[in-house]
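Below are two complexes that have chain A in common, paired first with chain B and then with chain C.
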Partner chain A sequence: MAARIAASFAFAVAAYALVPFAFSGNLYLMSMIVAALTIGGIALAWALLGNLGGLVSFGHAAFFGVGSYASALLVMKAGWPIGISLLAGGACAALAAVLMLPALRLRGPYFALAVLAYAHIFRIVATEWKGLTNGAGGIGNIPRFPVVLGYDFSSKTGAYWIVLSLVLAFALIYAGIRRSHLGLALRAMHDSEDATRAVGVNSTLAKASMLFLSAFMTGMMGAFNAHYINFLEPDYAFSGLWTMLPIVAAIFGGYRTITGPLIGAVVVYLLDQLVFKAMMPIGHQIVLGALLGAMILFAPQGLQSIFARRLPRLRMTSASGDA
Partner chain B sequence: MTELVLQALWSGILTGSSYALIALGLALVFGTMNVINLAHGELVLLAAYVAYTCESAWGASPLLAIPAAIVIVCIATALTYGLVGRIRRDRELNSLLLTYGIGIMLTNGILLIWKADIRSTKSAWLQDAIVFGPLYSMRSELLFFAVSAALIAGLWWWLTRTWAGRAVRAVASNRDAAQLMGIDPHRVEFVSFLVAGLLAAFAGAAIFSVGVIQPGLGISLTIKAFIITVLAGMGSVPGLLVGALLLGLTESLTTTFFSSALQELAGMVLFLVVLFVLPNGLFGTRWRRAH
Partner chain C sequence: MLELSDIGVRFGGLRALDGVSLSVAAGEIVGLVGPNGAGKTTLFNVISGNLRPQRGSLHFDGADIARVPAYARARRGIGRTFQIPQPMHTLTVAENLAVAQRFGAGRVDAHAAEEILDLVHLTGLASRDAATSLSLAELKALEVAKALATRPRMLLLDEVLAGLEAVAKRRFTQMLAEIHARYKLAIVIIEHDIETISTLCPRAAVLNFGQLIADGTPAFVFSQPDVVASYTGTVPDA
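On to the complex of A and B.
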């Protein structure tokens, strides 16, 4: 236990101090890392819904978009402070998830597709509701993160610290739920939903709460991104990429783990942007599609399961001395 | 006013016929294999781009491109089938993710080959107006309406009157019992994938001939096909046809009386209403609900 705490502490120091120290000179790389963590936060929320709620969503772009627009508009039109607006963005995304509740009555594949259709609706509404969102023209000059205690959080490193803190908080919440009674009920539902209902668990409520939480987290990531990028338009905020990249990241890293989606996001996003995009300026996401397909076929539990399978064997061979 | 409504209804029926082809393909695969092919819309789009290439590179009519589109799309569906068939665990959800990945590959492959530009047919013959009393339409719309009707009739005949079609229905209604009767479910699944590809090839040629195409269209075609199956309740061929016509009518009435920008939204609203009010669809079957 002490070793784990020490390891976590060392990781936190490395994440908060070493990364900015090493890369803050390279603004391009730093912005890549911030974007990767943003994807990582959504991937974590997506995996939470998939792992604990047993629901595969193809519509997280809707939560992301709603969160980003809500936060930007609350700050610009209602004058809310940016910290509060991040939470409000998450809350609005959770509110959007309420609209999806009827879809919860649908079986697995139907739910996934219904949410895909919902995401489409939100994007059209954001484009057509010109009075609120300025439609396809978008919103510019969204306020940046403020100066707090003399430190300017609108810098790349400031944004990095914010997004890192959000993602770590999400991971802690996720871990807490997994250990709680609710987590136990959700795990039991994964094995047999009928049996779990029979012992008195309200399975629809449990699933719905995971949907709300996942939407809330994704909305907060959207809100963060709005103030970080300072510009929104419907085709960007509700882009299918905000669904696709987290899915590929979570499946790649292993969506049944907490660290998997985060590692997956960093690896997948950096590979996509730094390697594939350099090779093919358009259509480079073809590689991500192939990666997703390959993971589903050969390692549906993600990259970590491959290592987990390999490691015991390696240990055994080293213990036996030869081979 | 009456003429306007009649015109909107007429256009809606013509559009609905291509939607029916797409939805039937999606439903056929879902029926036999319990797999929703999220790449289905992209396969339709692929056929549309094959038609575009035939027209722009060789000056051939999009109609003549259909055989080539059938070959290419059926190869793609066969590959999809091969990959989906390899999934062993939790096939229902993993196949969604796999076909989603295939859809991403197809969209980006289309983007790589044909670029992001919006394309439409340049054939004046296809775009000629055909007038029946107060009702206007393009020749291509009428032509593909006839083609769709013929295909649907053919599909109905195949499903009800041939052994291969009966096998498809047998596997869809009870896989184990069908297997005990000596039907190879894998072969039936493969055949249903190929038939879905065939329908997608015709639908793609239709979509290119009557409208505009661009690489992002695939996913919205999949969503439309899905909405139709929700409307229908995914039980029967007639249910799907009614669903497709309803979607086509809703879209054309919205375009006529509100704006074309709201067209897609109207279809979505229809979908939501059905989801809220009739969760089992208009022709509900029992198994779609979780409980």
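On to the complex of A and C.
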């Protein structure tokens, strides 16, 4: 237990202090890290819905877009402070998920397709509701993160700290639910829904609550991103990439675990942007696709499982070396 | 405690239940018998809320439960087991009971869980993976334990003795008698073995082709020509 606390503390120090200390001079790299964590947050929300809710979603771009627009508009038109509007962005995305409740009756690919169609509806609404969203012209000059206690959170390092805090908070919430009795029931529900209902579990409500939470988290990431990049347009905010990249990241890292989607997002995005893109400026995604294919074939549990297999060996080697 | 009146269920052109009326009093043990396809499990599905009948009424403790979903019926005190054991996958035996206690009974009680595991002879297996490491007899015992963990007032046992060899069956029958004595539950048990029904149940009800054809003491019921005919496939004398 003490070792675990020490490891968590070391990780927190490294994440909050060492990363900015090492890379804050390289704004391009910091912006890549912020983008990777944004994708990691959505990947975590997607994996939570898949692991606990048992639902495969191809529609998280809708939650991301709704969160983006809601937060930007609440700050710009209603004068809300950004801290509150981030939460409101998440709440609006969760509210948007209410409209998806009828799809909870569907399973497997039928649910996935229904949600994909649903995501397109939101993109069309954002494009056509010009009075509110300015349509395809988009919204510019979205207020940036404020200066708090003399520190400018609109800087790359400030944005990094915000997105890191959001992602870690999501991971803690996810871990808490997974350990709870609700988490046990949700995990059991995938293969034995009748059995869980027979002992009093309201399986529909349990799945719906995971859908709302996943939508809330994704909406908050969208809200963060809106104030980070200061510009929104429907094709960007509701882009299918906000669905596909997190799925790729989660599967690459190991979507059954909590850290897997985060590791996957950081590795996939940084590899793609910093290595593959430098080698192949056009078509670099082909390498990523091939890597993902190989990962699914040879290590379907993702990077996390490779680390888990390797680590005991490394520990044993290290222990025998010490002796 | 349980009042079923004129229950009707159709699957397409098949009448699975046809005008079934049955009442079960608190603390009573009723054996539900009948040939395969008679509608016994369908009746359990109707009582537990897994299936909504096309006609008829259901009351539990005086309340109309026709529109109450399955999970809420479990919380009201109707526990059930499944013919093919359905342990909660990915969970240990202890976690299966904890989930049943938390959602069915409203709170987790480790002492009560231990007592239940002891009663169904699963003590020592609490940390085992429920779906992959238990024998058939242990899975059947876990079915009963899960249902008990919801603190039911009525237990629906769907062929919990099926597939067990003679010694295990006797042990299981004894265990059910102990459960009844300790918790004073109403129990409805589907079972094909007439000897077990006669030993365990003061009352038996017989279903055939979706209709209730006899209801009374086992001795009375199993002497009825209609019941004998339903089992042997012969036509009773007029």
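Side notes on the structure shown:
One rule holds in what follows: the second predicted complex is superposed on the first by the 286 of 323 C-alpha atoms of A that agree within 3 Å, B and C clash if a C-alpha of one lies under 4 Å from a C-alpha of the other, contacts with A are read in each partner's own complex, and residues count from 1 in each chain.
By definition in this document, a contact is a pair of C-beta atoms (placed from the backbone, for glycine too) under 8 Å apart; a residue touches a chain by one contact, two chains touch by 3 or more.
Just so you know, these numbers come straight off a predicted model, no measurement behind them.
By the touch criterion defined above, A:Val125 lies against chain B but remains apart from chain C after alignment on the C-alpha atoms of chain A.
In the superposition on chain A, A:His190 contacts chain C only, with no contact to chain B. If you count the residues of chain A touched by chain B and by chain C, you find the higher number for B. When the two structures are aligned on the shared chain, A:Leu172 is found in touch with neither chain B nor chain C.
Contacts of A:Leu292 after superposition: chain B is touched, whereas chain C is not reached.
Once chain A of one complex is fitted onto chain A of the other, the partner contacts of A:His181 are limited to chain C, with no touch recorded for chain B.
Using the contact criterion defined above for the overlaid structures, shared-chain residue A:Leu274 touches neither chain B nor chain C, since it reaches no partner. By the touch criterion defined above, A:Gly200 reaches chain C but does not reach chain B. Residues 181, 184-185, 187-188, 190-192, 194-203 of chain A are the ones that touch chain C when the two sit in their complex.
Residue ranges of chain C in contact with chain A, taken from their complex: 48, 50, 69-72, 74-75, 79-80, 82, 86-91, 95-96, 98-100, 102-105, 108, 131, 146-147, 149-150. Within the complex formed with chain B, the chain A residues making contact are 56, 58, 102-103, 105-110, 112-114, 116-117, 120-121, 124-125, 127-128, 193, 240, 244, 247-248, 251, 280, 282-286, 288-293, 296-297, 300.
Across the complex, chain A is touched by residues 36, 38, 83, 86-87, 89-90, 92-94, 96-98, 100-109, 111-112, 115-116, 219-220, 222-223, 226-227, 230, 261-262, 264-265, 268, 271-272, 275-276, 279, 287-291 of chain B.
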